[in-house]
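Please go over the structures that come below.
You will see chain A twice below: alongside chain B first, and alongside chain C after that.
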Partner chain A sequence: MTPVTLLSRGAVVLLCCWVLLPIYLLIVNTFSSQADVSGFPKNLIPPMDTENVEFFMGYFGVGKALLSSLKVAAITMILSIGAGAPAGYALSRFDFRGKNLFRVFVLMTRAFPLPLLALPLAVMYIRIGLDDSVLGLAIIHTVLALPFAVLITYSLFSGIPIELEEAAWTLGCNRFQAFVKVIFPLVLPGIAASAVFAFVISWNEVFAAAVLTIENRTLPAFLLQSLGTSPLHLKFAGGAVMVVPALVFIFLVRKYLFSMWGIANR
Partner chain B sequence: MIFKKVALASVLASGLSTVGIQHAAAQDVLFWSTQANPVEEAQAMRESVLSGFEGEVDFQPSETGPWLTRLQAEMEAGSGKIGVIGSLHGNLISLGDGMADLSDVSADGVNGTFLELGKLGTSEQKYMPWMQATYVMAANKKALEHLPEGADINALTYDHLVDWAKNMADASGSPKFGFPAGPKGLKHRFFQGYLYPSFTNSMVSKFRSAEAEGAWNKFKELWEYTHPASTGYSFMQEQLLTEEVWVAFDHTSRLADAFNERPDDFIAFPAPAGPTGRGFMPVVVGIAVPNTAPDMEAAKNLVSYLVKPETQIETLKATNFFPVVDVTLPDDMPAAVRINGAAIAAMSGSADANPGLLPVGLGDLGGKFNAVYVDAFERIVLGGQDVREVLDDQADTLRSIMEEAGAPCWAPDPASSGPCPVE
Partner chain C sequence: MHPRLLPYLLLLPAAFFLCVFFLYPFFLVAWQAFFTDAGEYTTEFFSEMLGHWKFEGALKNTLILTLIVVPIQTALALFMATLVSGMKKGRDIALYIWTIPLGISDLAAGIIWLAIFEQTGFLNSFLYTLGLIDQPQTFLGYQSKTTIFVAIVLAEVWRATAIMLVILVAGMGLIPKEYYECADVFGASRWKQFTRITLPLLKPSLQTALILRVILAFEVFAVVVTLGGTNLPVLMSEIYVWQFDLRDAHVAAAYAMVVLAISILCTLVIMWALRTPKEARI
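Presenting the complex of A and B:
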């Protein structure tokens, strides 16, 4: 084995540990009893004590919050791709005045911290009746996810030669057909990736969710705030409750991510 | 792909329908609280405290930031969903005019001092006292053999504590005293309600006095034998249970787990005394009804339910916060209640007891007030800066806060006519 392959394999192992070790420790502690969590030495094999997990299964409102989270994340995905992909396409295909300025301004929505915006937003939401609704929260999350959706799809479309589209036009497609039949299949993996990104942004967002929803709270707003002040063994179990659905989702969409990175999907 | 689109579309549709039906949902009283936030306490509140109320209660605990923002939004919008709010005295102060008068809610047996505090200096009962707590010391029984000679655990002085911490560090090879100086730790309350009253008989006016200088120097001595990871500690029960530290200072509810888990291994005892007595700080939690409450009557009924003696005992079991109503405690209380209760009784009943109230009349400047003490701690103890210089510096900030708030002195400072002076 040459030093280079040895080095690269070492790097791969290191990266895997970096990702997997925290998840492994989370799982071990989730399935440990309270005494084991605060005790030493630690178990390396989970003792499969399900008491902590059962606490969360029976915790009032977890199921409802999980469902709210999924709904908000799904709507955020749809809205941010629905609005972001056309914007990205326009940025890459058309020249218009103020294009560069526009690209900077797209990012400006992320320049203001949410705690600053939350109060006026909440007042407005209460007045127009969007308050405490899944859709209302999804709109805010879309605002947060949109800059990334626009910029990711912009670079995706820019990577596809305009000649492909022009060829389709000469063969009888109109602009829309050319997009659907030629461009869309090529960018689909990338779009999926930016949808995953939108999903993750929505899944992790706490402050807006905690202020704009009360009865329809998302899982992070519902749990994360309480977990910060909870005993250690419940922090681990609550952490697992938060992480596992996101892991499952990433696992389900992994083939789109892999094909974007050019890894064969078998 | 088509299947996926359909699935997503139906999710979207159900999201929209949620918007439609939300107004038709049954009217529960929404109880919006910064207390009982840890998941186990929240669960106990729902299952054993609020289940006895005749109406439906939706108990939603939250962190202070979102809690306050949400309330301000509802008050500004003029309509809201929150029926009852529960929080610390200091947080409720900043809501002032947004809270309805609770004078018509029966307050039989509720502690008079706390009731007065709940009026926030007006003629209306702005909030109803809900529960109380304080801060005590806790120790692993292993630590007791290292107590300095002649020291009585129930009548320690700051000198004893420093010696004790030194003995433990010498005997075990590493510091065994822990202090909650982490980002979520309640260190500012120690300086305001314990260190200052014990050394200066004051919380504000003698902030930069020679006695205060002595207090900080004493704390610096203690810090030498304090576990260096203390700057990350927030809930001392965790470090006590892992035995990273043997002796700690913290809020009674933040020590409760240690007592409940291993009642035979841990003891609680009063905070130490200084030259001007045994300073300690009672904490008051209140409940109030915002003017925007959707069902004012149900909300007031809930407030009245929460101060009933039976409910207060259930609340004590759920949260480890003590009743504000005169009650006789039954025998089957959790270990933490017994152990904490005995320490509190010893502390408040000691001959040299010197209670200091929570800051009164600071409004939304409470955070800045706390920052004065935290900054002093960070500069003097962590940064090693000159005590005199730092105190002079911070005293200016403190003075401008007191003048901006126009707040008169509170115990243990003697009453003042204008804003509490910083000498």
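Presenting the complex of A and C:
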């Protein structure tokens, strides 16, 4: 092994540690007892005490916030795939007037600070009776997730040869049947990945959630609101509960991570 | 149904959604910033915002944070992407680990770094065990703005470099291998290959990554609130305070216009600075 490769190996390992160490430390804190969390100096090996997590789960409002989070994320997932996948399909399969305009429009949403939408929507929602509701929050999360859903599904559909569809048409399928029987099974894993991605976006969003909900707070909004008042060990348990699903999700979508920016398909 | 209508029909839900919940609210927020509830034009909300003692600090903190964080992230992401492009074994696992923070929210990232920097945290334990300090230090108190700043920079670099990494790795995959082979034949060094081939051809991805990252940097919120509390105001935390604690949606909207204005300005500057002529595209 040459010194250069040895050096770059070292850098890779070092950077992996840089990412993993803080997460490990959070886990240590989560599985320590309350006394250990505020104790000093600390152990680097967790005593595997679940008292902390149990206390967090039983803490007033946590269960409800967790449920709201799941509900909002699930609705976001359905809405963004429901609206995004047809658009992705249209972009990949048809040439039509206004196609580029639509692409630019979708890309443009990324150039705006989207959490700001929560401010005017707070007013609008009161008018139409969606204020402080799970659906209202899910809608704004969908605005965040929809551009990604469009771009991911666009690159997914583009990756499937149109000849497959054409073959199905010549064998007597109409457009809809060809889609359901031939294309859909092929893109299903990718669609699932982009749904998971939408879920993560919603699960993690703090600002809009904190602005738009009062009674139906999601977990991040709940944690944010109680930052000033809750004891340290509670914050750490809450942080860990938020991080764990994220780890699983990124693992599930890792294959598709690179197509979500719409530049990885050739 | 006419087949030419089909694509429009498929686009309809997404287009409708974005118009109603993206375009329209942006008009609303601008309206809220410039007009009173009675519908009269006024600049009163802007003068109230400008006159508030926290405004200047919030703007300055946001801009300085962006100026420090984004260059570090760009350099780090470029370095990581180059490392990974030279790897055969272990590429996938390294990329998986490096993209983990992508799934972690800013709030959770703030809490993670709180575990390190708080008074009984791991940094204090570490320094104490090494014998460098006699008793736990307060890193995040109201008197130690610099350490709060450092903690926020570290947390942001840790959390949000992954997003740039993903875009840059995807962009590097698009550069034809032949260019590097050719450079090898002519004896160009690794560094020269990086500056003369990789960087120029990476411009479009670099542009996307920078725009995205800069806009997200202006939106920095939960990390700052967890680590700094109210000691270090930024634009988004001020918006939150005006909307929630002071119950003045108009001034909050004026702040929103500031965030929007600097976001659009930076987007335009980055687009211009990293433009690629049509002939030079791969």
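In this section, the second predicted complex is superposed on the first by the 189 of 266 C-alpha atoms of A that agree within 3 Å, B and C clash if a C-alpha of one lies under 4 Å from a C-alpha of the other, contacts with A are read in each partner's own complex, and residues count from 1 in each chain.
By definition in this document, contacts are C-beta pairs under 8 Å (C-beta built on N, C-alpha and C of every residue); 3 or more make two chains touch, one makes a residue touch a chain.
Because the structure is a prediction, the values reported are computed rather than measured.
J.: Is A:F60 touching anything from chain B or chain C once the two structures are fitted on A? First, second, both or neither.
T.: The answer is first: A:F60 touches chain B but not chain C.
J.: What is the contact status of A:L70 with respect to chain B (first) and chain C (second): first, second, both, or neither?
T.: first
J.: So, does A:A145 touch the first partner chain B, the second partner chain C, both, or neither?
T.: A:A145 contacts neither chain B nor chain C.
J.: If you stack the two complexes on chain A, which partner ends up touching A:A210: first (chain B), second (chain C), both, or neither?
T.: Both chain B and chain C are touched by A:A210.
J.: After superposing on the shared chain, does chain C or chain B touch more chain A residues?
T.: C
J.: May I ask you to decide whether A:G228 touches chain B, chain C, both, or neither, giving the answer as first, second, both or neither?
T.: So A:G228 meets both chain B and chain C here.
J.: Could you look at A:G238 and tell me whether it touches chain B, chain C, both or neither (first, second, both, neither)?
T.: both
J.: Determine, under the contact definition given at the top, whether A:I183 touches first (chain B), second (chain C), both, or neither.
T.: Touch partners of A:I183: none, neither chain B nor chain C.
J.: Touch check for A:I78: first (chain B), second (chain C), both, or neither?
T.: After superposition on chain A, A:I78 lies in contact with chain B alone.
J.: Looking at the overlay, what does A:R127 touch: chain B (first), chain C (second), both, or neither?
T.: A:R127 contacts chain B only, not chain C.
J.: Considering only the contact definition stated at the top, list the common interface residues of chain A for chain B and chain C.
T.: 38-40, 115, 119, 122-123, 207, 210-211, 223, 227-228, 232, 238.
J.: Sort out for me which residues of chain C touch chain A in the complex.
T.: Residue positions touching the partner: 4, 6-8, 10-11, 13-15, 17-18, 21-22, 25-26, 28-29, 31-32, 79-80, 83-84, 86-87, 90, 92, 94-108, 111-116, 118, 120-122, 124-125, 128-129, 136, 158, 166-167, 169-171, 173-174, 204-205, 208, 211-212, 215, 218-219, 221-222, 225-226, 229, 236, 239-240, 243-244, 249, 252-253, 256, 259-260, 263-264, 267.
J.: What part of chain A is in contact with chain B in the complex they form?
T.: Touching chain B from chain A are residues 34-35, 38-40, 55-56, 59-60, 70-72, 74-75, 77-78, 115, 118-119, 122-123, 126-127, 130-136, 138, 207, 210-211, 214-217, 221, 223, 225-232, 234, 238.
J.: Touching chain A in the complex: which residues of chain B?
T.: Touching chain A from chain B are residues 8, 11-12, 14-16, 18-19, 22, 25, 30, 32, 37-40, 42-43, 46, 58, 60-63, 65-66, 69-70, 72-74, 76-77, 79-82, 184, 235, 237-238, 241-242, 257, 261.
J.: Which residues of chain A touch chain C once you look at their complex with the stated criterion?
T.: Chain A residues touching chain C: 8, 11-12, 15-16, 18-20, 22-23, 25-26, 29, 37-42, 79, 82-84, 86-87, 89-91, 93-94, 96, 98-99, 102, 105-106, 109-117, 119-124, 139-140, 142-143, 146, 150, 175, 200, 203-207, 210-211, 220, 223-224, 227-228, 232, 235-236, 238-239, 242-243, 246-247, 249-251, 254, 257-261, 263-264, 266.
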